[in-house]
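Dropping the structures in below, format is structure tokens.
In what comes next, subunit A is part of two complexes: it sits with subunit B in the first one and with subunit C in the second one.
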Partner chain A sequence: MLRFLSIRLLRAALTIGLVVTFAFIVLRMSGDPALLIMSADAPPEAVAAFRKAWGLDEPLWNQYLSYFGAILHGDLGQSMRDGRPAIQLVAERIPATLALTVPALIMKIGIGIPAGIFAALHRNSFLDRAVMITAVAGFTVPSFVLGLLLVLVFAVQLGWLPSGGQEGWRHAILPIITMGAGGAAVLARFTRSAMLEVLGQPYIRTASAKGVSWRAVVRHHALPNAAIPTVTIVGFMVGSLLAGAVVVESVFSWPGVGRLLVVAVANRDLAVVQCILLLVAATMVTANIVVDLLYGFLDPRLRSGVKA
Partner chain B sequence: MAPLVSMRGLAVDFDGVPALRGLSLDIHPGEALGMVGESGCGKSVTWLAALGLLPAKARISGSVKLGGTELVGAPTATLEGVRGRKVAMIFQDPASALNPVHRVGKQVEEALRLHRGLRGGAARAEARRLFDQVGIPDAGRRLDAWPHELSGGQNQRVMIAMALAGQPELLVADEPTTALDVTIQAQILELLDAIRREQNMALVLISHDLGVVAETCDRVLVMYTGRVVEQAPARALFDAPAHPYACGLLAALPPLEGPRERLVAIPGQVPDPARMPPGCAFAPRCPQAGPDCDAGVPPSHVLEPGRVVACLRPAYAPRPREYAL
Partner chain C sequence: MSIALSPAVPVGTTTRKRAGMPPMVVFALCWIVAMLVVAAAVQWLSPYSYTALDLRARLQPPVFMGGSWRHVLGTDELGRDVLARLLYSIRLSLLIAFGATLIGAAVGTLLGFLAAHLRGFVEQVVLALADFQASMPFLILALSVLAFFGSSLTLLVCLLGLHGWERYARISRGLAISAGAQGYAAAVKQLGASPWRVYGRHVLPNIASTLIVSMTLAFPEIILLESGLSFLGLGVQPPETSLGNMVGYGREYLTRAPWILLSPASIIVLTTLSVSMLGDWLRDRLDPTLR
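Here is the complex of A and B:
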């Protein structure tokens, strides 16, 4: 177990390191922050001074080493825009993002998994088809389209809910639904196919043959097995709690991490972008490790694989 | 003696394609019956249909009576009261027939709770006794094993223990040894036979392996394309099969004595269930077939007491090896 964990942690650190490196290279190659942050007609001496102040005049290799060294000391750099620590800027935005993504995640799980189980248990019935058609619609419509549609109906036409901003819980409703719908649809489809796969297994017939009621067969024999593949998808959704809201936050002018990212990329605010990417990579990797541990909990076959 | 199970004209079709075409059969308490035939001949379907375990698209007709209770079309509650308690079933591949996420002991205890109301320590103690009975070594520790930690033979013993938990009057063993090594096969068959004798429980052994059935059963049903073509005491069938299909099956067995010879296969293939020949389904492959065989399905007739065959030209006298030549 300890060996398993340390291997996983080492791999996680490597993944994060790669993400950081990749982000660093792409950002430095894709435009000069000095020219973007200073205006285009700024005097060349001022631009040169800016470059020197942020170390942009150094060779790329040196910049990378000092950047990486700082990260290892917990220093994620300062925003080039307002000079505050990048981590502080990002941390301020995290609660706003979580206020959308956590309820959306609950919606995805709370609707998607029961809908998938229901569809599987009523396979090929009218209800199964209805659920699946809704699900296909749910994940083929891009979230910005769904978001705009909801704004058009509930904000513009009906005037029930605000179209954007962050003044209270009512402002969160449309963005949460926009985000939750697609995920619920994905989970519904995934849960359905996982359930169907499990319901076709010989041990389900064994359980029925020994006199277990169908309800108990589903609850006690099918669900624990179908949970194994479903956890993968849920884990992926948990991993994107921080970064999954980029589009929706932009559509609804919600001041979260996603919108900060969009603005920071546009401004080439390198430290902020890198800080967000680092956090995203870290949450994703953490979620993956948790999923792996959960596999072991759910599936005894994997547990003994870990021991070996 | 009144039969334990009595089937009359049991038929099953899937989306209009027949899988079982009218099977009639009596099983008496404590009897060992073998059902042989190729895959798809309807031997497993018979019992899955009787216990209501087929998918919803299967259409079942005819009658299956268990001690006076009709099972075909019976409400779910009736069937759940029969499954595992009156009639238990074990399956071909024990590794996939046991739930991978539950400990084997718990799976046996579930049956004990359902059928005998045992819980907690009492259920565990009884599960342990059953494990001992079916010959699982170190039973106390094995209760906590997961299916993937046990060998195929041990998993099949767990399945048998689980089947015995409900103290059934009939155990249906569907190809119980097919997925196992030959040496383990013999042990499992001996175990099934011993349990049947000790508990006076009836046993139906479904197999495509004539050797397996010969050792264990008193009476054998030979099935072909959803029908019983011959029904005979095991000894009589192996000494002198009457139906040409049964003759062909026996001729395909390697002889234990004498010089090594080429095995004789039955020519041709099992017909497509959706496009059956007009008369006897075996006629296109049958060396004895004549034009009258295509006129209609040959009726079953009694050759001698306990011996029924559905053939116009039963090959009664010739020994299997002569048939082969």
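Here is the complex of A and C:
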């Protein structure tokens, strides 16, 4: 177990290291940040001072090391636009994003998994077809289209709900539905195919043949085995709790991390972009580790930890 | 060579299977062909230039909402014909998606072959990069690159080309390794063929069907990514126009002129739906790795 954990943690650290390196390489390849930020007619002394302040006058290798060191100390740089620490700017937005993504995640799991299980157990029935068609539609309708259609119907035509902004819980309804619907569809599709795969296994036939009731077969034999691929997808969704909201927050002008990212990209506010990139990588990596631990819980064969 | 080596698929079965194509797939195929025709012949099909202004006919509704036949799908707030913009958008969006899919497939397959050929350290690096790519949400990576470099059409195509390379790399590596074990690759190598010849002329044709299936499955994802980025204003830049761009722009006129947004949105949905249905169907028919 300890060995398993340490291998996982090492890999996680490697991934984070790769993200940091990726950010650094892209940052330095993109040209001189001093010239990007300062206007073209800035006096040369000002540009030089800026370079010195940001450490841009040192050798590249030193820059990389000090960059890495600063990140290890939790210093993610300052927003080049408004001078405040990037991490503070991002942290302020996290609650707003979670206020959308957590309910959306509950909706995905609460609708997607039961729908998938149901569809698999009633294969080729009318409801199975209906669930699958909805699932395919949920996958192919991009979230900005779905969001705008919901606004058109519920905000513009019917006037029941507000179309954007963040004043109260009613403002959160449409974004949550927009985000949850696509994920629920994906999850339903995955759960269904995982269940179908498991239901075709010989041990299901054996259990039925020895007289176990169908309900018990499903509960004790099929569901736990189908849980593994489903947990993987749910893990990915948990990992993207912060990242998954980019488009939807933009559609509904919701002041979360995703909206901040889009604005920062448009303004080329590199420190903020880096900070969000690292935050997303960290959540993703943490979610992956939790998923790996859950595998061990779900499947005793994976507990020994030899399968790294 | 490839025919001789795949006796499991005799020629007769293909025609039989084609006859059994489900109606939904036939519809999907027709839609894709229609989109390709539009993309190829847009100069002749389009009633107006996509930048032509008609300031006396601003925000005209489409025919089915009480508009005139002069602007079948209506006009936007500068009086530009929505149909003309739609047709040009289809062309650009499809071109980007095609280019990006090809880049992704080429890069991924090449890296996969490299990993299979050299093994050892290179293989580990390729696999680690693939893991990294698969574990990060692609939209975030794409956004950060765009933040650093600004948006241009070439960059956009290359960037979207990086989407999904890891799948081709995994597939081609796995299949190339197993091809090496099958003997035919080793045989041509013994005959003195260069690695380029072994992989390009012998291994690639044998694994092409699996790669093509992955491409059909990646294509709709790339259309969605491009339209998402363009919708956010970070993809295709005006005066060029793409489907996502039109939706993003039409959003401002959601209450007064919903038609600006509805037609590109439905094209996006129908096209991604068609390509993924075709891809699913092809996968079930062609992919030897699925039972």
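Going forward, the second predicted complex is superposed on the first by the 267 of 308 C-alpha atoms of A that agree within 3 Å, B and C clash if a C-alpha of one lies under 4 Å from a C-alpha of the other, contacts with A are read in each partner's own complex, and residues count from 1 in each chain.
Keep this in mind: a residue touches a chain if its C-beta (ideal position, glycine included) is under 8 Å from a C-beta of that chain, and two chains touch if they have at least 3 such contacts.
Quick caveat: nothing in here was measured; it's all calculated off a predicted structure.
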{"item": "Subunit A as common anchor, with subunit B and subunit C clashing or fitting", "value": "fit"}
{"item": "Touching partner for A:S240 - first (subunit B), second (subunit C), both, neither", "value": "second"}
{"item": "Partner chain(s) touched by A:N225 [first = subunit B, second = subunit C, both, neither]", "value": "first"}
{"item": "Touched partner set for A:D299, first subunit B, second subunit C, both or neither", "value": "first"}
{"item": "Superposed arrangement, angle subtended at the Cα centre of subunit A by subunit B and subunit C, nearest 10 degrees", "value": "80"}
{"item": "Contacts of A:L100 with subunit B and subunit C, given as first, second, both or neither", "value": "neither"}
{"item": "Touched partner set for A:I177, first subunit B, second subunit C, both or neither", "value": "neither"}
{"item": "Greater residue coverage of subunit A in the superposed arrangement, subunit B or subunit C", "value": "C"}
{"item": "Subunit B and subunit C, minimum CA distance [Å, superposed model]", "value": "18"}
{"item": "Doubly contacted residues of subunit A, that is, touched by subunit B and again by subunit C", "value": "none"}
{"item": "Of all residues in subunit B, those that touch subunit A in their complex", "value": "48, 51, 53, 76, 80-85, 88-89, 91, 93, 96-102, 110-111, 114-115, 146, 148-149, 159, 162-163, 165-166"}
{"item": "Subunit A partner contacts - residues on subunit C that touch it in the complex", "value": "128-129, 131-132, 135-137, 139-141, 143-150, 220, 224, 227-228, 231-234, 244, 247-248, 251, 254-255, 258, 261, 265, 268-269, 272-273, 276-277"}
{"item": "Touching residues on subunit A, where the partner in the complex is subunit C", "value": "11, 14-15, 18-19, 22-23, 26-27, 29-30, 136-137, 139-145, 148-149, 151-152, 156, 163, 239-240, 243-244, 246-247, 250-251, 261-262, 264-266, 268-270, 273-274, 276-277, 280-281, 284-285, 288"}
{"item": "Partner subunit B, residues of subunit A touching it in the complex", "value": "201-203, 205-214, 220-221, 224-225, 298-301, 304"}
